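See the structures that follow.
You will see chain A twice below: alongside chain B first, and alongside chain C after that.
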Partner chain A sequence: MISVRNLNYVYGAGLPGSRQALFDINLDIETGDVVALIGHTGSGKSTLIQHFNALVPPTSGTVVIDGINVTDKAAKKSDIRKKVGLVFQYPEHQLFEETVFDDVAFGPKNLGLDEAEIKKRVFDACAIVGIKEKYFGFSPFELSGGQKRRVAIAGVIAMEPNVLVLDEPVAGLDPKGRDGILAMITGLHEQRPEMTIIFVSHSMEDVARVANHIIVMNEGSVAMTGTVAEVFSKGDELRGMGLAVPQITQITDRLRAMGYELPPHIYTLKYGERAIAALLRGEERTDV
Partner chain B sequence: MFKDVIIGQYVEGNSFIHRMDPKMKLILTLLYMILLFSVKSIPAYIIATVFTLFIVCLCAVPFKLILKGLKPMIFILLFTAVMNLLMTRGEPLISYELFGRFTLSVTKEGVRIAVLMVVRLLYLLIGTSVLTLTTTPLKLTDGIERLLKPLDVIKVPSHEIAMMMTIALRFIPTLADETDKIMKAQLARGADFESGSIFRRAKALIPILVPLFVSAFRRADELATAMEARCYHGGEGRTKMNVSRIGSRDIKALVIFLIFAAAAAAAEIIV
Partner chain C sequence: MIEIKNVSYCYHKEEADGRINENKVLNNVSLTVHEGEFVAILGHNGSGKSTLAKHMNGILVPETGDCLIDGLSTRDEKKLLEIRSNVGMVFQNPDNQMVAAVVEDDVAFAPENLGVPSEEIRRRVDECLKIVGMWDYRRAQPSRLSGGQKQRVAIASVLAMEPKYIILDEPTAMLDPKGREEVISTIHRLNRERNMTVVLITHYMEEAASAERVAVMDDGEIILDGTAREVFHEIEILKNIGLDVPQATELAFMLREDGFNIPHVITVDECVQAIAEALEVKS
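Here is the complex of A and B:
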């Protein structure tokens, strides 16, 4: 359970050229949710999620994670970082160890775990992200872009956080790499339903496929929160913020406006395809 | 945290000094330094003080910001003061026996030299801050390139020096950003940079340095390719898009400086 109250953040507070990035943010995220954070570039998404991990101190306001007040000076940063795993954008840029195994083990080692536990966690995390054992001895720099990204994500999953936060985890990947990462998020949610997953994305299709809740950021404020259905039913508002609803929803909305009877809440291609196919079959029958 | 570094930090503005030609600013800064190191008497110092205050007021940069740039230099200033206080021979004011063998004494001359030396360094720092705060790094390197140009005949690669400076300056904020990002990413993985022995702390830097070097090399490679793709081939036959020339404003600035310098010289002779 994450709750954010009246959070404000100013970059370079008190200096010329200071810039407020977050304005009075209030949020509640339930344990076990898969939450998508959307908003155009510069809307403050990355700034917000760094607060979940005590990497930036709020200018004002509080962030409470499972009862620990992150803003509290007495709270140990290492406890917070054990609880909340943060995968930065382009996490492959943080790889540094000689082998894949050592890099994934870096986080667990910092937690002070014993050898056997570290090994177990590395194996588990690599299984989740789909890095095979034969790569463990490779240098991370020998891998492809998509593989590097998986290794970097595994490095955070291996710390077994209660909350996993991913900043644009599919940015810059090819369609196959994208699908892999999204399937990984879905798989992780099924395997560990108690883990809260928050991810930043610009693709409404990806959001519809993976998330069950959406937080919409606009110019440093939270513009909307709700279930996927609630947020995507407000297409016009989203468009006003430079965002959109999934393409399939755009199509079915248009069809509905033209008088075709389609069920509401069509956000994924699969469901949309079935609904339209059913409509076509139904129409054929009435036509004949 | 790396954003506090003031070097190369330009403050937008439209003051007289902002609009001066960078060549003239560089020349005047150099002359100002020479002036500071040739004045010795109190009246001359007062004239230098007036001139320093004059340029600080004229440059329309918040004084707070100039002071902030001086902060990292406090140690050097203190060190200079202490060394001069203790190492100058003369009429002792206070003496202190050390281990019964050495006498440390603060002399009247020592106090005088320490104060003058600190003031001199302080003004030097303020003067150079005014230069970097009112001139974009790009204009600054352009000025340096054009001042070095006559040395081309003795094979000084003025264009290349300027290009290297431009690129280095251009990448300071990028690398600072990158370092910040990598540090945060490793902190998120439980890295600890702040506790343990010096040896442990040095080792803790590896997770920052390796990715930083990898990214610096990648960027260097990309930049080189991008420059070649746009047919960069060094300075030969290259012309400038914006050529700034010494104008009446710069002559005015030079004259004002020379008047102050003459006054300081006169004060020096009279005393």
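Here is the complex of A and C:
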């Protein structure tokens, strides 16, 4: 459980040209949720998630994760980093070890685990992200962009955090690379249902596919929170904040506005297609 | 006209043991972009799109084959300056493209380097910032702008060279939906109103669907080249090489597979209209 209370953050506080990036943020995220964090660029998403593992100290307010106040200056950074794994944007730029294995093993080694446990963690993490054993001896630089990124994510998963935070994990990837990362998030949630996963994304189609909750940031404040259905039912508000809804939702919203009877809350292609097919067959609305 | 004729290109990498490793990235690629066209290029990561783009303004020179810009070969070093002033490039990350501390200085930078007279520079800076809708921000610091705004300034900086051709390499990869929309509508307007020739590399299928023509790269080859409508009709080929189609296209495809009479579409508008028509016919 993550509780954010009255969180404010100012870049360069007290200096000329200082800039407030977060305004009085209050949030509760349940353990085991898969949460998408969306918002225009500059809305404060990256700044917010850096508070989750004590990378930046708040100007005021608190973040409490599973009973630990991570914003308390006295809290041990190493304990927090064990609990909360943060995958930065373009994490593949930070790969530096000679082999894939060593890169993924880097974090667990720093935790002081024994050889056998380190090995187990590397195997488990690579299985989750879909990096096969035959690549363990490769240099990360011999891999494709999507593979590199998965190696970088495996390095954080191998720390076995309770909370995994990913900042724009699919940015710049092609559709297949994107699918790979999204399938990984879904698979991880199934295998480790107690892990809380928070990811930042600009692709509403992707958000609809993997998240169960959405947090919407706008100009440094939380503008909306709710289930995927709740948030995507507010298409006009989202557009007003420079966001969008998935194409399938645009299509079904327009058909509904033309007077056709479609169930509410359509945001995945599969469900949308079934609803439209039922309408074309002249079936009664089923809302399944 | 940009003519890429039977171009092949290898990157060479020296291994630790001194062996030279050859990585063939373009394999006999031919592509002609006519004046006034708007061409989107799709392809998975590593398929060679950026390498191809860098051939279009002579950053890279073909190993075999030729690349001609209005008849000038990029092999001819004496013509390189002329080629570069005709072909402007915009890259993925707007942060790496800003050189000055103030927006208008950034836009003036390239023409200054080309030795354009200062009155003419002033005219171009104002004009280009207006075109991309950033004139109000001419005195702003680039670091204070949003991603979409920075990318529009980067486009203005390229426009200030008054190129005939503009090549954009994933210009929207780092932007939010609104920033993406701003950049794409800006380049469509340039294409329409100024007859600027556009080559747009993108991973967003909806952006490609808005282009006249789409070329698809796979492992260093162009495997599809046609109108957006034709290319997105090849759903299975595209999915096989790890690409996708717009959701509107896929929805219509799924409905056809289920036996409904829905035509091939590539936009939300067309899709809504097609479904509404099918529902009318039924009732």
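Criterion: the second predicted complex is superposed on the first by the 282 of 288 C-alpha atoms of A that agree within 3 Å, B and C clash if a C-alpha of one lies under 4 Å from a C-alpha of the other, contacts with A are read in each partner's own complex, and residues count from 1 in each chain.
Basically, a residue touches a chain if its C-beta (ideal position, glycine included) is under 8 Å from a C-beta of that chain, and two chains touch if they have at least 3 such contacts.
Just so we're clear, the structure is a prediction, and the values are computed from it rather than from any experiment.
In the superposed model, A:His202 lies in contact with chain C only, and not with chain B. Within the superposed three-chain model, A:Gly44 lies out of touch with both chain B and chain C [touch as defined at top]. When the shared chain is aligned, no partner comes close enough to touch A:Pro58: not chain B, not chain C.
Contact comparison for chain A: of chain B and chain C, C touches the greater number of residues. By the touch criterion defined above, A:Pro140 lies against neither chain B nor chain C after alignment on the C-alpha atoms of chain A. Using the contact criterion defined above for the overlaid structures, shared-chain residue A:Pro246 touches chain C, although it does not reach chain B.
In the superposed model, A:Gly172 lies in contact with chain C only, and not with chain B.
Residue overlap on chain A between the chain B contacts of one complex and the chain C contacts of the other is empty. Those residues of chain A that touch chain C in the shared complex are 39-42, 144-146, 171-178, 202, 204-205, 242-244, 246-248, 250-251, 254-255, 258, 260, 269, 272-273, 276-277, 279-280, 282.
On the side of chain A, the complex with chain B involves touching residues 12, 16, 50, 53, 55, 78, 81-82, 85-88, 91, 93-96, 106-107, 110-111, 141, 155-156, 159.
Per the touch definition, chain B reaches chain A in the complex via residues 3, 11, 62, 65, 181-182, 184-192, 206-207, 210-211, 214-215.
By the touch rule above, chain C contacts chain A in their complex via residues 43-46, 92, 146-148, 170, 173-180, 203, 205-206, 242-244, 246-248, 250-251, 254-255, 258, 260, 268, 271-272, 275-276, 278-279, 282.
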